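Just dropping this structure here.
Note that the chains are named A, B, C and D in the order they appear, and that numbering of residues resets to 1 at the start of each chain.
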């Protein structure tokens, strides 16, 4: 059985996911696409050689009889509407982060999904599918580190464009850590604080860069994440989990070691897309397999909601400079 | 278009390749299997849920109308016969190493393929598809090291069974390096010498272990490969290419770095199948795509022949203790 | 000219320094020792084969005509008295940290030294003499990292005895980082905050462990130091300086890399004394050479005072949980 | 007791050793110097502020009543004469490598020393005092690797001057490995073979570069050493000892790890003098202490002789291309 997929939003990530499904993965086929820019949607169909119909808008694509599952890769503010429509249509939907731009929007989706009576939504937190993070998860779950006590992490980009402003360090960058650490630790957040070190001269005027985000979990784990989006030297994801019995560090991406020109060196990735390239494959294959099996098991609406709540508090902490409480509503049994 | 594939030999590697094609790769389907042990063939069909017919023997499988391409994963001494039959039937054939157990057998295949007028054969040298070796190949081809002058390499297994005897260090182990280095350097071998260090107490009586194989290429590159198949500590593939301008080292497989119990440590792989797991995927996907495109571009019969010739000389060098010349016939334009 | 040195306090560190001066270093000779435990002082004289007189107390040792310089390695609460006496006697004095147990005590020493009109005091902050930290200092001073923005550090011990209580994480452990980072950055502290992660089960009841200390400097650099004194796995000092142009990490202590028993591993030091063994040599040689040259240039009373002030605020921050301001008095021209 | 030392040969190494003894080490004093260039000898006395008499020649320096021990750091061909004279005068002598330029010359020294009835000579093989090699020696002696089976080593220099010709790869470069591995393994050499890879374009016309030297020991250990003296990238000493139970690798020299400009990198040393800087200190301190104790325990005349014999065979192997036998005479009980 091949899952027939419709893609809403054929920008970079939408095209890339369409390409993966068509060329790398098994069991799925892109049969429908749409974009606010219809020309671009048509161009993607052509570039990838898809046998896909171009729809006028997301709603009509979602309603199409031959669409089994929907990929929402459009502009963030439109996510909520399309996910709700897919749920209403009883269709599985993979939604790129954010699930919605507000916690309230996420809550609406949760309510709709519970109302629908079964999990239909998977949120695009691809790090849960990264081999390195999975080694870390296995080490923690196998109690190789003892109880986790701290995480020291960094999320660094070589540079960001001028439209990237201070809150985006949370909503666009930290959002991945916010989900990943909940999952790694099987825990929830309790408080957040944001510290602004001296600003790098390479940052634009509207972004504080770097930032250090301090998170406290319900179990008492303390997390510090350096977010540094104009670090110049590369795209670099660091994560050390410190436990009672020892520490584990996330692997560096594979590269040759050179001895050359007075240096012992390895190349550092520049392009974030390459860092989680394999993870995207595993993530989407998991979604397709889940749809085929009638049971989607990836990051849920609840996970999207939890990240949104924590993210909102982090932005508040950016503004206040204070330690801000994070209050998660009780988790419905539906998402247990 | 889905390539319909028949598998001859459903032992470990045959089953594993069938699983890959069915579960991981796109564009291919297992429609036919056979094995000297028919029960095992049937068991694999069942385990993997294949819609495949079980044939009585390789010849009838090769002749089957619905088989587009053949995978030869049977016992080594049977490879030549099946590859020749596939060529005779005008069918693409992927043959696990060795292409044939003798250089003469490889030559027969070459003659038949040239006679057939087009490349039908791909040999299972999966390292050419390993991401680490490909980084090395790119570095060499981009002249980042200057002219290569030396390769220092090691091929280590934790242990081997009692049936593994001295010449198998060449035919079953070094064979991969013999192909890989020809490809990495775009070069051919000129001489071989084998040195036997003090034998490890962990080796069985019929195998000299470790061994050091010294190879000289036509361009003058000198290669030393430590083959150590009872090294105890893990499956470990090392490769340093030393060039005029610097040195590059193959990456270690990805793993967490631990600080624990007085040690800063990473785990070393134990299972060779995991080391080249991704490479096997890329290799077989390449074969399927090649068949679909009507042009197989992976390691050729000529590459299988070249490895066989070099391997035979290495075994002679094991016996003589002398520096033995390797003479490659001129490469036919067909394989240019 | 040999500098004749008197040692006040012949406990572990006093004996060790006496041994260094006698066996490893040049230009100094131990001619006088004293300890509250006279038997122990005599035992050290005998063990090291010193030609040294055993004095009844520190004051008489300081007054002795043949003592050119004094080493204060006694119990912390006695440091202030002996340093003041040495200054009054016009003698050079090397004082192990802390210079005094209170900031006020340090201020008394500063006032006395200024009154004396020349620098006589060197404080035992040995990390300034560590080769790794010096490489870091050189990299920063040579502007190889751009302006420093953050420091991520860790100070980990395998375990501590029962008498080690929460404030000692500052006064006995963090004190080294407090001095080192002022020196590395050529900067002063502006605020401190202390965070208590979930406590390790390996800590005694009277110590919060681990702790994370957050420091802000006048220039805006943000520093986080994990202090984890029951980390189990070893004595481990980590320091990453993050600058506008890149990051530098302190070297790990030298050790063999093993491939053994499924692990790629290096040993981690267990004994803190070995970590800064060479630094102690350079430090004390520097003191002796400084005395001989009539100009002591190592960490000054002012540095001891600055560390004491910052340390006091960190302890206050342990208690309050709040971000506490650190106010340094203006630096006298004398210490410019 | 201060050992009064005379230095014969005040070139770079002679001056450097004089500086060490004067500034870094304890228990020794330079009281006499000489050089074929008297002006240079005087210049060194002045630069280092030595209270040393400048002698007209080595022989008169050796005879001087106030000279307790002699350092021979003159031109290689003069070593034998001065060492013999020191033995005849009953004085301890530290001789830089080579002990003599011929094996016969070494034998003469051995005969004289045996005749003298006690060990007076220490040869300047400083690697035995390197901390990294000592970690390796301890690992082997503690049986952490099981029986050693192979050593893979490299000795690389960034470049050499025009006067460096092919045999110097043995006599000036490999000589250190020849001594070090005998000591590490507590073994002797049995055969040698030299392989010439493709020559680097950066080598002068009179030197084959790189070379690979293959050594076999009496116990059957096989050693391969890459000697590459125009490797461009740095001064790099590599040594892997492969044993029955695992492998140990020599540490890289300490340096910062940078993340900068797309690279994760460490600096590689360029200057060989820095590589073994600490080892030179320990070596000479050991000599001084040995003289003071009346028992010199460092590398002996026999070790110098063994290295010379092996070196001569390696040069013969360079010329013949064959596997050449190394025959060591029986070791006199005197050197047991």
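Everything below uses one rule, namely that a residue touches a chain if its C-beta (ideal position, glycine included) is under 8 Å from a C-beta of that chain, and two chains touch if they have at least 3 such contacts.
As the structure is a computational prediction, the values presented were derived from the model and not from experiment.
> Of the pairs C-D and A-C, which shows more C-beta pairs in contact?
A-C
> Whole-Å distance, chain B centre to chain C centre, using C-alpha means?
Inter-chain centre distance comes to 59 Å.
> Let me have the rounded angstrom distance from the C-alpha centre of chain C over to the C-alpha centre of chain D, please.
Whole-Å distance between the two chain centres: 38.
> I'd like to verify one number: the distance from the centre of chain A to the centre of chain C, where each centre is the average of its C-alpha atoms, in whole angstrom.
Chain A and chain C have C-alpha centres separated by 45 Å.
> Among the residues of chain C, pick out those that touch two or more other chains and give their numbers.
In chain C, the residues touching two or more other chains are 232-233, 245-247, 259-261.
> Should the pattern of chain-chain touching be classed as line, ring, star, complete or other?
complete
> In their complex, what parts of chain A are in touch with chain D?
For chain A paired with chain D, touching residues are 232-234, 236, 252, 259-268, 270.
> Name, in rising order, each residue of chain D that touches chain B in their complex.
These residues of chain D touch chain B: 146-150, 152, 195-202, 210, 212, 214, 216, 219-222, 224, 226, 228, 231-233, 242, 244-247.
> If we count contacts the way the header does, which residues on chain C are in touch with chain D in the complex?
Going through chain C, the ones touching chain D are 23-26, 131-132, 135-136, 139, 144-145, 245-251, 254-261.
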